[in-house]
Structures are given as C-alpha cells and as structure tokens.
Amino acid sequence: MAIVPPIEYADASPAVRAVYDDIMTTRRVDSVNNFWKVLANDPANLQRVWESVKSVMAPGALDALTKELLYVAVSVTNNCEYCILSHTAGARAKGMTTAMFNELMAVVALANETNRLSNGYRIDVDDRFRDPLPP
Amino acid sequence: MAIVPPIEYADASPAVRAVYDDIMTTRRVDSVNNFWKVLANDPANLQRVWESVKSVMAPGALDALTKELLYVAVSVTNNCEYCILSHTAGARAKGMTTAMFNELMAVVALANETNRLSNGYRIDVDDRFRDPLPP
Amino acid sequence: MAIVPPIEYADASPAVRAVYDDIMTTRRVDSVNNFWKVLANDPANLQRVWESVKSVMAPGALDALTKELLYVAVSVTNNCEYCILSHTAGARAKGMTTAMFNELMAVVALANETNRLSNGYRIDVDDRFRDPLPP
Amino acid sequence: MAIVPPIEYADASPAVRAVYDDIMTTRRVDSVNNFWKVLANDPANLQRVWESVKSVMAPGALDALTKELLYVAVSVTNNCEYCILSHTAGARAKGMTTAMFNELMAVVALANETNRLSNGYRIDVDDRFRDPLPP
Amino acid sequence: MAIVPPIEYADASPAVRAVYDDIMTTRRVDSVNNFWKVLANDPANLQRVWESVKSVMAPGALDALTKELLYVAVSVTNNCEYCILSHTAGARAKGMTTAMFNELMAVVALANETNRLSNGYRIDVDDRFRDPLPP
Amino acid sequence: MAIVPPIEYADASPAVRAVYDDIMTTRRVDSVNNFWKVLANDPANLQRVWESVKSVMAPGALDALTKELLYVAVSVTNNCEYCILSHTAGARAKGMTTAMFNELMAVVALANETNRLSNGYRIDVDDRFRDPLPP
C-alpha cells in the first residue's frame, strides 16, 4: 500500500477533480491510474506533474509511441516497477508489438552493458563526437 | 587516458583486425572508435561485444534511429559521457534533428522524475497493467 | 525472506546482545528492527554499521529530522523499499508531517529530472560554482 | 562544451527572455546559469522546467535551505557534477556552513551504504513501517 | 508474472530447445531457470545472451566463484532481486560460504558509501592512479 | 578541485595526523591519498570511514585481492572515477593482472546487462533460489 492513500474521484476536492477530468479527457479514458490518485494528496504537485506529462509526452518531433518506448527504457534502467508496467501498457495501446518490446529490452540491456565498459575503462571521447548539434 | 591503451589497426593482431574490418564494412566508415580500440585489449570480448551491437542495433521491429535514441536515453540515465556523445552522433547520422534531441532530453528527464515519485510513494500497480503481452 | 535469517534477542550471542541493547537504549525503544537482526549474522559488521549510524545520524550541524529526510531522499533515488519505509517512519517520529513528506517527494523527483538534463546536455559548470567552501 | 550551445540574453527570443527575466527577478541575480542558457534551445521545456523549479523549491512545509540540501543529496547519489556544484552554491547562499556540508556528505554516503545492505540481504520490511501517513 | 510468459521445453521451438540443451549440458542441470524461459520469447536474443554468459562466466584469469561474487556485487548495487538471488545460489554452488557472503555484502555496501564521498566532494584523482595497466 | 581543500600532513591536527599515521602504517606507504586529505575536513568522519575501510577490506573469508575487485565492480557500476582508478591501482598492487582486469570489466558489463533483462521483463524468481543460506 502506498505511503499516502489514493484519493478517489468521489472524495476529491474540486481542484483535484479538475486535473482528473483533464487526464480522462486528454487520454479518452474513464478513470485515472493509482499514480495520479496518490499524487492527489499534494494537489499543486499533481497539477504540475500532469501538465509536464501532458506537454512532454504529446507528439512533436518524436511520435507518441517512441516517447513511450523511451519512458520504458529509462524505467527499466532505474528499476521502477510501476513505471515499467504502466508505460509498457501505454506503449502497447499506441501500437507496440511484442516483437518491438523484445527488441526494446535487448537495446536497453546492451546499452547498460556498454555504458559500464566505457565508464570502467575510462575511454577517451573521440574528437569528432564533440561537434555540437546545429541550432 | 583509458586504463588500458587503445590498439591501432597497424598494431592489431589478425583477429582484432578482422573485427575492425567488419565494423568498418558494416558501418561504411574508414576507422573505428576509441571504444573498440580499447576493447581490443581483450580480443574475445571485443568480438563478443561487437557481435552483440551488430545484431541488437540492426533494424528489425524497431528502426535503427529509434534504437539509437533508446541508447542515448539509457546513457543519460546512467551518466555515461562516452556513450551519450557517441550515440548522439550515431542518432544524428541516422536522421535525428536538434528538435528531436531536445524532446528526447525532456522525456528522459521526466521519466527519471516520475520513476522516483512512483518508487518513493510506493504506489501500487493497477491491476490492468498486469496483463502480459500477447505471444 | 532475507538471504540469512534474522537473529532474535533470545538467540543472540553476548556481543550481538550488547549492540541490540545499545540500539534500544539510544533510541528508547524495546526491540530492534529486522535490519539489525539480519546484520547480526556478521557481528563485526553489525557493530560497525550501528556505530556509523549512531554517530552520523546524531544531531550536529544538521538536526536529526533533516538527516532523516536526507536519508529518505537517497533511498528513493536508489529505490530501497526497506530504507524508504523505515526512514519515513523515523522522520515521522521526529516530526515530519504529511505535507513535509509530499514536498520531500517533489524535491527528490525534480532533482532526479534536472540531474538528467544537466548530464544529458553535458552542460558546462559555471565558473563561479567552482569556489571551494571556506574552512 | 554542451551538446547544444548556450543562448545568451542578447541572442534570445522574447519568450526565452521572459523566462530569463523571471529567473533573475525571482532569484535577485543579474544573470542566469548555463543550465538555463542550454535549456533555452527548447523554449517550451525551459519554461516548464523553470516553473517546476520555482514552485517546488519555494519554501513551504520545508524551508528553502533544507530543499537545497535534499537536492545535493540526490545529485551526489546520481553523480551529477553540474548539479552538485550549483546546488552546493545555492545551499551556501541560503546559509549552509562547511560543517553542514560535511555532515550532509556523511549522511548521503551512509544511506547509500545501508541501502545496499537492505537490498542485498533482501531484508523483510517490519510490519510497523507499513502504517500509511495521516492525511 | 513476467511481461511475456515463460516458454517451457515442451512448447519450445527447435532453436530454443537447442539453447536450453546447451545450458543444461554446460551447467549439468536438468532444467533451465525462468530467466531463460522468458528470454526464449526472442530466440535470437536468448542465444546471444546465453553465448555471452557462457563465455564471460567461464573460468579464465578469474575463477568461476570470483565471477559469481562480482555478479552479485553489481546486482546488489543495481537492486536486481532476481539476479541477487540467482547468482547468490550460483556462488553458493561454487563454494561460497555464509561468511563469504557476509563479507561480500560489507564490501559492496562500503564501496557504495565511499563512491558517494568521492563523487560528492569532487575529489581530484591522485596522479599516480593514472598509470595505465601494462599490456 | 574538491569542494573543500585537501589537508596536508604538515597542516593537520593531531587527531587527523593519528589517522594519517595509521593509514600509512597499515598500508606501508609514506603518504595518504587525496581521498583521506579531503575527508580530513571532518575529522570524526575521517576516522569513522578509515576504521570501516580498515576492517572491511582486511582479508578474512575473502582475500584482499577479491575485495579490491569487488570494489572496482561497484565503482564501475556507479561511475565513480576516483574509486575506479584508486581501487584498480589497489588491485594491481595486490596482484591483479591486465587479463584479470579485462575479465572483471566483461563480468561487470554483462551483469549490468542481465540485471536490466531481469528487471525489465519482471521475471519471477525461481522457488529454489529462495533457500536461505545456512548459518
């Protein structure tokens, strides 16, 4: 059980309900996840985090599915069970197949491996990797 | 300087040269990065890691650019400077724009934030996130 | 179940009991946590860790509650369930309110986010942040 | 050098200047750090992150200095050099003494140690640590 | 339950059975762990990871037990429950005593502590630690 | 440069000198590393950390070289440059060859890879890995 109890819609303040409503409208679902129900104990933080998720995860230069895959990659690296399962579900809803999930796992695992080879051997960065990105 | 010295092509054994040749052929480049030159101190590991990178990073259910973005996401989370810079260069060579890089950073950062909210509050996983993926 | 079994007071050696007694006296409690009961399988390490906790967590330039909050911040970042729950309880016993806990979560989460923005973009440290602290 | 170049005030768009102005006004300083200058390459993210920092780091149930100490604790655990140095400077500006910094380091280090003892031995959480916080 | 279901020998394709057979022959056991049964959903990755484990974990300049202890050290640092328990069992099968396990935990914990002291204080590397290893 | 300045022997208090003397005697060297010189800003913590290192790293059920290798494994996983370089030097002084170092890197890297496969797929722990160690 979470350290603070989840707050259901029926028990929520108007400010919290407004966030819940926006989540449900934006995502076209009829309930909100435990994540939001627990954050609702701190309404200002609930709103802040939701606004961040809403804007950062919207499709832009990267499409929505790619963003979900990136979310899973980070969550696996950090071992956040809740985030792995919720964003895997989110990725699946956006079109991720099992084959894509398997490749995602392989890439994340390999990157964690070569990260340690690079850091462990203290490998010098090749000069040509130092070019900044164009504006 | 790395803990073991990089091995240049001219000084490499035939087994190491064979891997270097395969890297250059596969990637259509005319030299190999410091990463491979340092790993070459352990030829068996050099070959193993290269075979892994070659097979895991090849386009499949996920395209090559998406895989590079995932690699950067992991490398940023782990703070591997070499990997961030080399895979950012790799992603750029495969079409990543600066706008895509900026969105990548925003997603990775936000995922690291919500990972800690989920883990910190010990939020229970919603039952519907427990459905396994289809075969 | 832990990898080695917890050792209860009744079954403990005199050396282990002496540490248990000191923990109970120092903390004014009548039993010790599973953490200590498991460490007791290695009496020398039990004593070493307890002496460290006793001295580091005592109030000094920082008060005892602030130290517990810092402990929770680290434990959330590392995802140590035992440590999050035990030190949240410890912080609560020293006066942490639910409002303080919520703010703690928000700060820890945000720091994890901006850590990745700084590391991901490889932002140069501003010169004025290089001033050493005064003796 | 950062992966994207910092944007100076003189070269910034009105939207970016508005954020810079708010940072300088809120913090009563006459320039902004490299962190913000680099984020300015993505004005929407710049504004989002600044709004988050502004609201989360404002004094509330926790005072501003405690929040800076927590920020340093997370940044040390993650090894973010930029964040360690900038938030140590921030903490110092808010009253952190060298003695406080030394104790902060000791607590962060010890928490990282006992996190691994708890996770490594797989210690069961004591039942009484499962009480949720009061609303 | 894992995100993709484990594949039992009776249900496995010839390619997967060939890997299972090699695991059982190499390790002189009559079944394979859940780890391999889950990886079997991606036969190419199953084979790649098994070949890596088989070659990296074979005794060489380091003996097999030392390699298992190192595996546990990494897994504790990353908090991978599956890996801690499976490689602790593996180390035990290769001769690790409880006394050795306790010392392993103490070293891993202490290293995590001093890692943060070094990174937190930003301690300069002593020149003599910069000597590369001999070829 | 470290956040607090290193304290040289000539400038050290008697309490700090006593620790420096014990380090030099125990290790049979004629100077102490920057690590200790920086910790010396907090004499109580200096003594505590040194006593911990002295007792934990002494040969016991595990020999001194194995303990140094474990230290490097943790330090690579956490990316602590100071610790990687100082404990690699320490391991070398205790007999680690370059071949051993290369195998160490391969094991650490692979463990980081399979840690993420286990955590990412949420693989269930096999029942037989749950047996506790014998007392």
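Lettered A, B, C, D, E and F in written order, each chain numbered from 1.
In this section, a residue touches a chain if its C-beta (ideal position, glycine included) is under 8 Å from a C-beta of that chain, and two chains touch if they have at least 3 such contacts.
Because the structure is a prediction, the values reported are computed rather than measured.
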Any chain in contact with subunit C as well as subunit D: A, B, E, F
Chain whose Cα centroid lies at the greatest distance from that of subunit D: E
Interface with more contacting C-beta pairs, comparing D-E to E-F: E-F
Same-interface partner of C-D, chosen from the options E-F, B-E or A-D, over half of the pairs matching: E-F
Same or different contact residues where subunit F meets its copy subunit B, judged by the half mark: different
Length of the line joining the C-alpha centres of subunit A and subunit C, rounded to whole Å: 28
Subunit C and subunit F, separation of their C-alpha mean positions in angstrom: 20
For subunit D, residues contacting two or more additional chains: 1-4, 41, 45, 48-49, 52, 56, 77-81, 84-85, 88, 98-99, 101-103, 105-106, 108-110, 112-117, 119-122, 130, 133, 135
Pairwise touch network: line, ring, star, complete, or other: complete
Residues of subunit A defined as touching subunit D within the complex: 1-5, 41, 44-45, 48, 51-52, 55-56, 130, 132-133, 135
Touching residues on subunit A, where the partner in the complex is subunit E: 79, 84-85, 88, 98-99, 101-103, 105-106, 109
In the complex, subunit B residues that touch subunit A: 1-4, 6, 33-35, 38-39, 49, 52-53, 56-57, 60-62, 66-67, 69-71, 73-75, 77-78, 80-83, 85-89, 92, 97-104, 106-108, 110-126, 128-131, 133-135
Residues of subunit B defined as touching subunit F within the complex: 3-4, 41-42, 45, 48-49, 78-80
Residue ranges of subunit E touching subunit D (in the complex, touch as defined): 72, 76-77, 79, 81, 84-85, 105, 108-110, 112-117, 119-122
